[in-house]
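Here come two complexes built around subunit A, the first alongside subunit B, the second alongside subunit C.
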Partner chain A sequence: MRLTQKKVLTKVHVLFLVQSCLIGTGILQIPQKLSAMGYSQAFMPLFFALIATINLWPMLWLNSKFPNNNLFQINEILLGKTIGKFINFLLIILFTIVCIDAISSYMLLIQSTALPEQTITFPIICFLALLIYLVRGGIFTIARFSIMAFFITLPMVLLTKWAIQKGEFSHFFPLFNFTLQEFYEASKNGYLSFLGYELILFYYPYIIQQKSAFKYATIGIWISGVLMLITTGVSVMYFSEWQLSNIEYAVLNIFKAGEYSFIERIDIIGMTLWIFLVYSTVALYLWAANEGFKTLILPKSQIHLYILVISIFIMLILPISKYLKMKIFTINNYIFYLLLLWPIFLILIYLFRKKQVHQ
Partner chain B sequence: MNIRLLLIFLLLFVAGCSEQGKKIPIEEIDMIGIMAFDYVDEKIKKLTVAIPQYSKEAEKDTMVYSVETDLVSQGIVKIEAQSDRKVVLNQLRVILVSEEFARKGHVRSIVEHIYRNAEVGNKALIAVVKGRADSILYAEYPDKPNINFYLNDLLRPSFNTAFNPNTNVHDFIYATTNLTKDASVPYLELLDDKVEITNIALFKEDVMVETISPNESVYIQALLGKKSIAPLVIEMPKDTKISLNLVKSKFKIESNKDKHQPKLTIHIQMKATLSEYNIEHLDKLNTWKEISHLEKSINRQVEKDIKAFIERLNKQQIDPIGLSEYFRKYTYGKWTRAMTDKVLSKLELDVNVKTIIVNVGTLK
Partner chain C sequence: MKIIIRTLSGKWRKKINTDKSPNPEYTLQLLQLLSDNSYDIVFQKKLTSEGIVTIIFSSSLIEKMTLQAVVLAPLSHSLHQIHQIAERMQYNQISEIENKINAGYTILYFHETKQYLALDTYSAPIRAITNTEIESTVIGPQDAFTESLETNISLIRRRIHNHYLKNESIYIGNNKQYQVSIMYVDNIVNKKLLKKLKKRLQHINPPPLLDTAVLKQLIEDNPFSPFPQYYMSVRPDTIAHYLLDGRMALLINNSQTVIICPTSFFEMFTSIEDYYNRWTTATLLRSLRFFGFFITIMITPMYISTLTFHPEILPYELLLNLQESRSKVPFPPLIEVLFIELIIEVLREAGSRMPAKVGQTIGIVGGIVIGTAAVEAGLISNILIVLVATSALLSFLPPIFLMSNTSRLVRYFFIIAAGLFGLFGQMLAFAWLITHLLRIRSLGEPYMVPLIPRKWTDLLNSVVRFPMAYLKNRMGISKSQKS
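For the complex of A and B:
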């Protein structure tokens, strides 16, 4: 095992890295994704947070056995060079597609609300340029950016007050009014919005106090869980069931309920501020992809990040039909569920090959 | 380092190379303020729009365009062909529909189109017009600044028109898609050079079915939890008429949780000041005894009014208050519109009103 990496992340950094990576563009759509459950979706984020906390445990256990290696290196150690490299290659593609998904869904939103009469090529270039800057700063910069993004965007919670005033509290009742089928459908679609915490597998080696990582990562998960709970709760109060399943960006419509005498379209302010959240998510995924790419070829070079960003750009502006894109993203998302179980698989291999590994 | 700074500085000038003509300057945009829809036949509707005219050289302050179309957006394109500027919907404030259009059940589709359009805020107000909707846009209002401002201000919430449900795009979609609620929309009439909110139109799902008087609508608003309620005029037997200014009204609805034999108990507590009265054989209310006697007769009368009113709505199975919600929230499984109708037709009502007159003014 090598001891080359510099440890930079404090406890607070871990908390906010986990927290802001969870809230990306997913939270915008979570009421629609959960709509199979109708009004009973309100408390699902708490359930998701619980699952995430349980899921976090094997990840950190695995990491604690390899305190100086990220998942890419662990893959190679446990599965051997060839299989490990192949898996890493898949992971890089997976993360790159997540970046493309997040950026394209945000850009689509921006295009349909803020810039309806422009193409989004120029905004994408600006976005990616800043993204390169952020990712080149390393995990430390991303962590600090996440903290900033959290505090800048947190006041947006207040913008839900009009929707709460108008909403009907009785929609929460009857509690737990759903069938297993609906529950399965909603969990399958909705849990994707709750991904992001699994990246701790990759920045764990950078954490200074690795023992307390679980505690702070859990706090991060639950902060996001509560924020999502507010989103789904307000949506359930403010919308009818038809609206829940038909409105794509529920948060946008919740912001639309508000009005100040001097600002009429609060939703546009909300949507543009949202870019902070998108950055903190995309930057972390891209950083992870970049780290993995480095373990594959030319570990000393700086070129990996540029290759990734250029391929993201090409994928974003290629005239691929929306249908095909959605298909790719959906398949990608299901593979992601495998990634969540991957640490458990690795733990099993670790237990079998314990002696070999430690030699 | 200096070269980098220079490059960043030079980047500022790149803005000059951006494609001109893509963004249209605001002076060259016509912003639709009011849209009016009239029924032509099942497919075609007549779309009339009012756009504020800011040019001082024009004689009138409003441009009105009218086209017949089947799709709303196609209608906008046709209007653009008549207008000298680009027509956008960003400033849409009011949507008028004619009574015929509403009774045929076409409102939902156009409102849904506007709801989908991200350019339009969700706060455009909806109103039904007696007769033709475009007549309001073509009429002259010599003492009003501009039809765009006039209609918007008329339909916006104000104290004395608290009976007005102020239905905006979101509210309408919410109420029509909600299984336990129906939409209510202000009903306008054109009187010479004024527009008046004479009634409230009630919808059942997508179709307008009935109008009710403002005084009855006050009860709906009170039961929906609106805090400031318009002056309430109560007509009692023996030519007695009383006007109350509600200071505070509280309500509580209790349900027996049984959707097969539904029963609701409505408790209303009104704290009000007596603003005006017209009671036979009585010039003045002198003692608190008389006032408390009056309170009791008000209670009886309001109970009777509300009960009769809600029962009339229930007979037609319209639910603007959302009374069936009090049964849905205790029912497991899927709720359907048929269940709402069933609950309404069977609903038994018990109304308890408690009036407290807090003062009668400063005159003895």
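For the complex of A and C:
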């Protein structure tokens, strides 16, 4: 089962793959998702980054035991072919739903603000066509795209300047004004925006310097943590507690705070530029699903990607009620928390079956 | 090689195998038959101290003075000189003899001794070394390559006094009829890349190779891409600069331009003058060229997006001003932009094809008639004229003309994308552009360096050019040997 992968990812690639996958569409809504904690949400991203760093450790430990295998292959080695393939199948569905979730929420946003008079089908087709082009470039292209996406979208941080000027610094205090229930509620909803680092389980075999992967993945996590801290911090300063819990896309409203003599609605530019962040996230999940699909059937064929994209397209245009969609996405998200704990479970099995595995 | 040739009497004969000749006399007859209808192939008989000698040469490739000095004079009084310097040919290698004649050699056939000799007398008229008109600079050397391979190699050798500078010659094509010269600095160049380049060259079967531009397209990694994947220059100093950085240069005879490989996307926006200018000026100019590329592909699509899909982006006063300027225009913004952009393309194309004196008229027609009159006629808005003019000027900033062409082509993708989906379409096109650039490779090396650097030191010589004292390392894309 051990496959010799072509190692293409440098440590910088790892850093930005982790970083950019964390910042997808989730960051747009994070102040609302953390709103259970009111103004005390500001420093939650740092807490999340800490949890993610701790969570990363068992993942990379497991990977280090199987340096040439991704999680799909590890599943099959440790759990046997049948159970392994079944788990892999679930993972593929999980990742596909994440892609659908991210694309549909972004497209909904685009339709409601940038293209209110058009049907969204043709833009979705164009979006997916480019997605295929990106994913077909392989993990190396996605990693390089992530680097570009980071630097192209980074100047948007400057747009928070006006919100900071107009905001109220005293909103930060008192720092820990929340109950345990509120903290739990906010963590449960908010940590979903911090997912993406777990995909290192799948691209680890492609990393050249695998020993330094933890260091650079951690830097990636903390860069995203700081960017989210800026988002929550500025939101806390700029919005009232009511606004925090009721404004869905707080980041776009922060952009609107800017006042220029030549431009009125800079949030539309910001939102359309966000496509880079959406691509860097969705492409990585789709790539992982594609890799998993290859372990199930026809490993040498190119057809998997097209099947996945066509199924995503069908799901996106199916006339399903918003309520049902939200329910599917929420269940999917909670299953995702299981994925975070999955490596720990596999480590236990590995320790138990160590001799068998090495034989 | 089998060919059908005509007899001297004019009757058609069957196929003759020109690689097989039973005797030297028959070879001479065959050569006469082969050069039938080529009046510049001269056959002359001379009586010398060694009997009759037939001289065969192409008068279009040899100057009379050279022929007199190298062949005719020694034939009459110092035949031993000819025997010392001439190359001996086998009478049955007819193709080789024929190639020699076409390459400017003079063939001597000694009837008494039945010997064929070849003398290098190539002296075809060549253009003198002149100023570069395509890549002119204000500072720095002004000489440019010519169409002579020897002259071009000499121009490079003058700049690199190093015995490691190699000049390999390989023959490509089905009949190995095209000579390509690969230049590199042996102790710097990456041997794997050199091997890859040679392999590519050996596996192509070119159509008529009239210029290096054709060769470049044949060895590119992605032939469908609108982006040029190798740098081309007519400046010897540019080529010397890249050779010393560890790249390889490809030259062919009768072509003024030289190919450099591998090359990155960013290098398409650099000029050798950047190294002659002070670092501050160089940085400013590089920034203009590089960001100018992105502005030129975005500026007119932005006009379409704003007016068609997102008028709310603009403040009320500015929007009013814009709407007022196009109040008489009957077309939607997409048609309006396509109309004026195409007119600019027509003007540019017409201007570049016309003689210089007539070309000035085109400028007047473009400036006055199209510009002012079209606005007054209410066909286009005057704000769009400003945007299109800026965009057209910016598109001419890249020093490599092929990249300049690409920027104009890519702009149309953006215009159509903006016409379809507004800003979303523009950003989708931008994401496509970035993905495409990330997927392109130049001789197998990533094209998007040093924007995504191979080495950290690449950043010192990117959009910001650091002072020369800091530019000690070679670029990452060269993968040069450590020396």
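Operating definition for what follows: the second predicted complex is superposed on the first by the 357 of 359 C-alpha atoms of A that agree within 3 Å, B and C clash if a C-alpha of one lies under 4 Å from a C-alpha of the other, contacts with A are read in each partner's own complex, and residues count from 1 in each chain.
Basically, contacts are C-beta pairs under 8 Å (C-beta built on N, C-alpha and C of every residue); 3 or more make two chains touch, one makes a residue touch a chain.
Only a predicted model underlies this, so the values are computations on that prediction, with no experimental measurement involved.
Peer 1: In the superposed model built on subunit A, check whether subunit B and subunit C fit or clash.
Peer 2: With subunit A aligned, subunit B clears subunit C, so fit.
Peer 1: Who does A:126 touch here: subunit B (first), subunit C (second), both, or neither?
Peer 2: It touches subunit C, and subunit B stays clear.
Peer 1: After superposing on chain A, what angle in degrees do the C-alpha centres of subunit B and subunit C form at the C-alpha centre of subunit A, to the nearest 10?
Peer 2: Roughly 100 degrees separate the directions to subunit B and subunit C.
Peer 1: For A:36, decide between first (touching subunit B), second (touching subunit C), both and neither.
Peer 2: After superposing on A, A:36 lies clear of both subunit B and subunit C.
Peer 1: Please indicate which partner A:148 is in contact with in the superposed arrangement: first for subunit B, second for subunit C, both, or neither.
Peer 2: Touch partner of A:148: subunit C, not subunit B.
Peer 1: Tell me which partner A:240 touches in the superposition: subunit B (first), subunit C (second), both or neither.
Peer 2: In the superposition, A:240 contacts subunit B only.
Peer 1: For A:254 in the superposed arrangement: first (subunit B), second (subunit C), both or neither?
Peer 2: After superposing on A, A:254 lies clear of both subunit B and subunit C.
Peer 1: Contacts for A:27 in the overlay, against subunit B (first) and subunit C (second): which applies, first, second, both or neither?
Peer 2: A:27 sits against neither subunit B nor subunit C.
Peer 1: Looking at A:118, would you say it contacts subunit B, subunit C, both, or neither? Reply first, second, both or neither.
Peer 2: both
Peer 1: Which of the two partners, first being subunit B and second being subunit C, lies in contact with A:265: first, second, both, or neither?
Peer 2: In the superposed model, A:265 contacts both subunit B and subunit C.
Peer 1: Quick one: is A:159 in contact with subunit B, with subunit C, with both, or with neither? Answer first, second, both or neither.
Peer 2: After superposition on chain A, A:159 lies in contact with neither partner.
Peer 1: Per the overlay, which chain contacts more subunit A residues, subunit B or subunit C?
Peer 2: Counting residues of subunit A touched by each partner, the higher count goes to C.
Peer 1: Working from the superposed arrangement, determine the closest approach of subunit B to subunit C, counting only CA atoms, in whole Å.
Peer 2: Across the overlay, subunit B reaches subunit C at a minimum of 5 Å between C-alpha atoms.
Peer 1: Could you tell me which stretches of subunit A are touched by subunit B in one complex and by subunit C in the other?
Peer 2: Overlap of subunit B and subunit C footprints on subunit A: residues 118, 264-265.
Peer 1: Name, in rising order, each residue of subunit A that touches subunit B in their complex.
Peer 2: 112-113, 116-118, 168, 170-171, 173-174, 177, 238-243, 252-253, 256-257, 259, 264-265, 267
Peer 1: Touching subunit A in the complex: which residues of subunit C?
Peer 2: Contact set of subunit C toward subunit A: 309-310, 312-316, 318, 420-428, 431-432, 434-436, 438-439, 446, 448, 451-452.
Peer 1: Report the residues of subunit A in contact with subunit C in the complex, numbered from low to high.
Peer 2: Where subunit A meets subunit C, its residues are 110, 114-115, 118, 122-123, 126-127, 130, 133-134, 137, 141, 144-145, 147-148, 152, 260-266, 268-269, 272-273, 275-276, 279.
Peer 1: Sort out for me which residues of subunit B touch subunit A in the complex.
Peer 2: Counting only subunit B, the residues touching subunit A are 22-24, 118-119, 121-123, 170, 173-175, 177-179, 181, 322, 325-326, 329-333.
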